[in-house]
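Following are the structures in question.
In what comes next, chain A is part of two complexes: it sits with chain B in the first one and with chain C in the second one.
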Partner chain A sequence: MNTLTLLWAEAGAEWRKAWRQPAFAIPTLVLPLAFYALFAIVLARPGGGNAAYLMATYGVFASLGPALFAFGAGIAHERETGQLALKQVSPLPVPVYLGAKLLSCLGFTGLVVLALYALAAWAGGVVLPRGAWLALAVVHLLAAVPMGLLGLVVGLSFGGSAAMGVTNLLFLALAVLGGLWIPVFLFPGWMQGFALAMPTHHLAELSLALTGRPIAGSVPGHAAVVAGFTLAFAGAVALAWRRAHR
Partner chain B sequence: MNTTTLGAPPRTPRSPPAPAAAAALQAETAPAVVQARGLVRRYGAVTALAGLDLDIHPGRVTTLLGPNGAGKSTLVGLVLGRLRADAGTLQVAGHAPGSLAARRLTGAMLQAAGLAPQLTVQEHVALHSGYHPGARPLAETLALAGLQGLERRRYEALSGGQQRRVQFALALAGRPRLLVLDEPTAALDAESRRALWRTVRALADEGSAVLLTTHLLEEAEALSDRVLLLAGGRVVADGTPGEIRGRVAARWVRCVSGLPLPQLQALPGVVAATAEGRRVALRTGAAEATLRALLAADAGVAELEVTGTRLEDAVLDLLKKEAA
Partner chain C sequence: MAAPASAGRRWRGPALAAAVALGLAGFFFALPEPGDERAAPPAPGFVLRDARVFDGERVLERATVVVREGRIVAVGPEVAAPPGLPVIDGQGRTLLPGLIDAHVHTWGDGLAETLNFGVTTVLDMFSDPGPHQVLRRTRDSLAPRAHADKFSAGALATAPGGHGTQFGVKVPTLTTPAEAPAWVDARLAEGSDFIKIVYEPRTAEGLGPPFPSLDRATMAAVIAATQARQRLAVVHVSRLGPAHEALEAGADGLVHVHVDRVADDALVQLARERRAFVTPALAVIAGFDPTPPPPGQPREPQRLAADPAVRPFLTPDQRRGLETPPSSKLVMFRLDTALASVRALHAGGVEILAGSDAPNPGTAHGASLHHELELLVRAGLTPVEALRAATSAPARRFGLTDRGRIAPGQRADLLLVAGDPTTDIRATRAIERVWKNGAAVERRRYPEAP
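Let's look at the complex of A and B:
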């Protein structure tokens, strides 16, 4: 089997593993959609423009669940139960193992994001040019990459139950402080500073720019910060992998 | 190194002739799959392996026998590249242990391993077979591991012994040149254990080099061509299963006898003899032969008692003898 076929087979197995674990799959899929339906559609004032704003930020939120829980808590669990050890002694190249997890993660994110767009367009009345939808989808999907890497650092650095705790904390911090649930401009000044330290905030700003909103800072600036976070997390993964392996 | 070598291990005459002979021939000529020289591994102040030399040949089952803490799993960890040696050299078919090239040639069953509970037996075996170039057909692997009829069962719905058999299937799926089995039969019932032994024997006859660890003398005897007795991170004995049994599966014969010590030591099967006055203790690898000769030589034997020894005792015994 060549590497690509192997990657596909491994990603398929990851995907099935996730689907057959409803305790993971259902909250991951349903939570962002339910929150969006509540805050952007049910509780929205007509003509307030909330539906488009929150679609941009909830699209980033959609990537958090699969990335942090599948990677963070998931890998910690696989380490504790000896599943990772078996993979490590098998001739499965490490990049394929990690790549398959990332692919499955992207798949989940893609599902949620598509459902979110459908909800926003039909029930929220959001209208965007076709190119903007596409660009938005790219940002929302790619958001899973830095988030997945961050989850991986947690999963490789903590044991099962500790990883779960840390993951939950990160999940909340990235969602709330990053301004995914409540716009950052509604925060008191001292809290707005925290937002700048959250990669989710910069991803949200990029998404908002694509929906035609004026944003603080420039698109290349936010993109550069996101790329910086991604590189830093990737470096941390390499370190954590080496430490966990030996 | 302070090993007690009992000579080159000849092949046991247990296996069917034709393929076994071919494998034996190959074993004599083919280079060792695993070559270890002077391996040292420490955990803090504890030395788990203290300068170990080891060759594992194709077509043979090499067994590491020893009590818990002897260094068996440490050696397995080093061979699989999960641990690094503090000193010494180790090669798997010329590759660094743990490298992708070495892992492609290796199938392993770990002592504490798990598999994703949500996937089925067939999914696990198919996925793992895909990792190895030249893997066996799925049906063959399932049959060798005794998993027919369980293909569609999820891993979480299997019994402990069945789960162990799935792990065994993954180890043999890739037609490995080196098969590493770390305490493979720990959770198995007697029947599955024997089935696994038969398969391991067949894989060795196919040409695989098998490295097995166990703390069961019976398992070492049923399977091995060569047994290394490990204790305290060193090889304390190295020989055929029969030779090792002679040294560790000994029985104590205690009695009151008038025979002089040299004559007692010369009795058949006796490996050690001590006497306090007329009260003597003989350690023997063949209790029946020893008794027959003893009773024939001394009509006045009294208070005769025969007891077994545990593997742990036998190992301690060997260590003491070495130190003396």
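Let's look at the complex of A and C:
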């Protein structure tokens, strides 16, 4: 078996594992959609024009659940129950194990993003050029990479119950301070500074730019910051992996 | 026996992948593009019989109006009601074009609150361009809607740290005349319908507002660049000197009346010669004026909030906004001075537009335009002139060809009021019905907070 086949098989196993715990998978999928339906459609203000704005930011939000809860806190649980040790004694390369987690995380995010677009387009009246829909999908899907890596860092660094607490905190900080629920400019000035430290904020700005919104800063600037966060999280995963298995 | 099974398994993966890829392609192909906006069909229409009609210019004492599929199709004393449409009796009532507020700032619920008072179109003098881009695409449709239409300046032209940058909305600023053409192009690309410029320079003695302003040359360059692109350039001023300079630079209109002193003959003459309009926004000046009212009398905005024709339709936040006294006693806003200036401008032949500057302190979306109409009459406009200032005049000035009048072909944005606002301007508040795009608007009432 070559590495790619192995990765594919392992990702498939991860995917099936997630779906065999529907009580876990379904809330992850439904939460961003329910939030979007509530704030962008049910409670929408006539003439508010926010359905596209919220679609851009909730698309980033879509990656948080799978990345942090399913695969971050999940991996901590796997460590505690000894499943990880079992994997380690099997002839499975580490990058394949982690890569499979990430791939399955991308898959989950992709599902939420597609459902979100369907909701926004046919219930929220969002209209975008074809190219913008596709570019937005790429950004929203790729958002799962830095977020998935961050989830892995948490899962590898903390025990099961501690990981859950840390994950909750990260989840809220990334969503709220990153401006995914409420636009950052509505925050008081001292809070706006925190947004710059949130990768989700830069991902949201990229998404908003793709929907044709004027944004603060430039697209290459935000993309560079996101790339920086991704590299930093990847480095942190490597470190956490080594520390966790010395 | 094993061969077919393994062949089947070998092909299952790629077949699944191909099916998923096809499904994805189909999904993205089905997502709506600009031009695919769903527009609900317009309302079938109605006939309004025997009402007094102010058509945006003049008064028809008794006329019938036929509305079909979002547009007015006939107006006149001898119009016959076509069969099949519901007939409304207009006796004792006056039909007006949906009102236009020529100075607002909208976000959140603003456009819905506006429509609640029969104001069907607003000219937004600065707000976040993002939501506007969305609304702009469906603005021309005749679909029924629960909010007023917006024509917007988007971001305003101001200096770094200048007026307009303090509200949290990102404002791309400029400092030199050379930046003006690119700045204007960027606004038009963002969806601005016209350009608004803030001009608040200090005097030679260093007096003036405590924030930076565009200099005179940059203000003039933005006006020139805007007009070269066939758009309107309007200017925010608060003092007589800068008002004069803005008009000399060719401003199409001033969106405030200055407040530091009464307009002099030179300003009136210049505005008239340049055919510039002035949107005085007296309602916001009344809101900011720190002068205590005569004993036993409410302040102007409080009187509006207490009006039984207005109060039930104000949101609790709007009531609070109108009832809260101004926070600063130091502002130079004096309603009396502003009224005197409007009187001079109007008497001198300068066109006045009605605008409220809602939702600033002391104003409320929709309601304050009715206040503005009353204040314009106090400043010497006749009720009919005031009504023109809130209907046909802003439509003509801002190139809105489908609204502001009651005439065949016009969008059926209409307001039916009890009584006769062409003689008593306060009758505009006695709203009986509102139609947006020919569809009846359900007015929202808000109970008093316990």
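In this section, the second predicted complex is superposed on the first by the 246 of 246 C-alpha atoms of A that agree within 3 Å, B and C clash if a C-alpha of one lies under 4 Å from a C-alpha of the other, contacts with A are read in each partner's own complex, and residues count from 1 in each chain.
Note that contacts are C-beta pairs under 8 Å (C-beta built on N, C-alpha and C of every residue); 3 or more make two chains touch, one makes a residue touch a chain.
Only a predicted model underlies this, so the values are computations on that prediction, with no experimental measurement involved.
Novice: Between chain B and chain C, positioned on chain A by superposition, is the outcome a clash or a fit?
Specialist: Fit - chain B and chain C, as placed by superposing on chain A, sit side by side.
Novice: What's your read, chain B or chain C touching more residues of chain A?
Specialist: Comparing touch counts on chain A for chain B and chain C gives C.
Novice: Is A:Tyr58 touching anything from chain B or chain C once the two structures are fitted on A? First, second, both or neither.
Specialist: So A:Tyr58 meets neither chain B nor chain C here.
Novice: Looking at the overlay, does A:Gln21 come into contact with chain B only (first), chain C only (second), both, or neither?
Specialist: First partner only.
Novice: Touch check for A:Leu128: first (chain B), second (chain C), both, or neither?
Specialist: second
Novice: If we overlay the two complexes on their shared chain A, which of chain B and chain C does A:Val89 touch? Say first, second, both or neither.
Specialist: It touches chain B, and chain C stays clear.
Novice: Quick one: is A:Thr81 in contact with chain B, with chain C, with both, or with neither? Answer first, second, both or neither.
Specialist: Only chain B is touched by A:Thr81; chain C is not.
Novice: Between chain B (first) and chain C (second), which, if any, makes contact with A:Phe171: first, second, both or neither?
Specialist: A:Phe171 sits against neither chain B nor chain C.
Novice: Can A:Ala13 be said to touch chain B (first), chain C (second), both, or neither?
Specialist: In the superposition, A:Ala13 contacts chain B only.
Novice: Please state, to the nearest 10 degrees, the angle that the Cα centres of chain B and chain C subtend at the Cα centre of chain A after superposition.
Specialist: 170
Novice: Considering only C-alpha atoms, give the closest distance between chain B and chain C in the superposition, rounded to the nearest Å.
Specialist: Superposed model gives a least chain B-chain C C-alpha distance of 13 Å.
Novice: Using the superposition on chain A as set up above, list the residues of chain A that contact both chain B and chain C.
Specialist: No residue of chain A touches both chain B and chain C.
Novice: Using the touch rule from the top, collect the residues of chain A that touch chain C in their complex.
Specialist: Residues 45-53, 114, 117-118, 121-122, 125-130, 133-134, 137, 185-186, 208, 212-216 of chain A touch chain C in their complex.
Novice: Spell out the part of chain C that touches chain A in their complex, as residue ranges.
Specialist: Listed in rising order, the residues of chain C that touch chain A are 24, 27-29, 31-38, 106, 108-112, 115, 129-135, 137-138, 145-148, 150, 155, 168-170, 172, 190.
Novice: Using the touch definition up top, name the residues of chain B that touch chain A in the complex.
Specialist: 80-84, 98, 100, 103-104, 106, 108, 110, 112-116, 118-119, 123, 126-128, 130-133, 154, 167, 170, 174
Novice: Show me the residue ranges of chain A that touch chain B in the complex, using the header's touch definition.
Specialist: Going through chain A, the ones touching chain B are 1, 5-6, 9-10, 13, 16-17, 20-21, 78, 81-83, 85-86, 88-93, 245-246.
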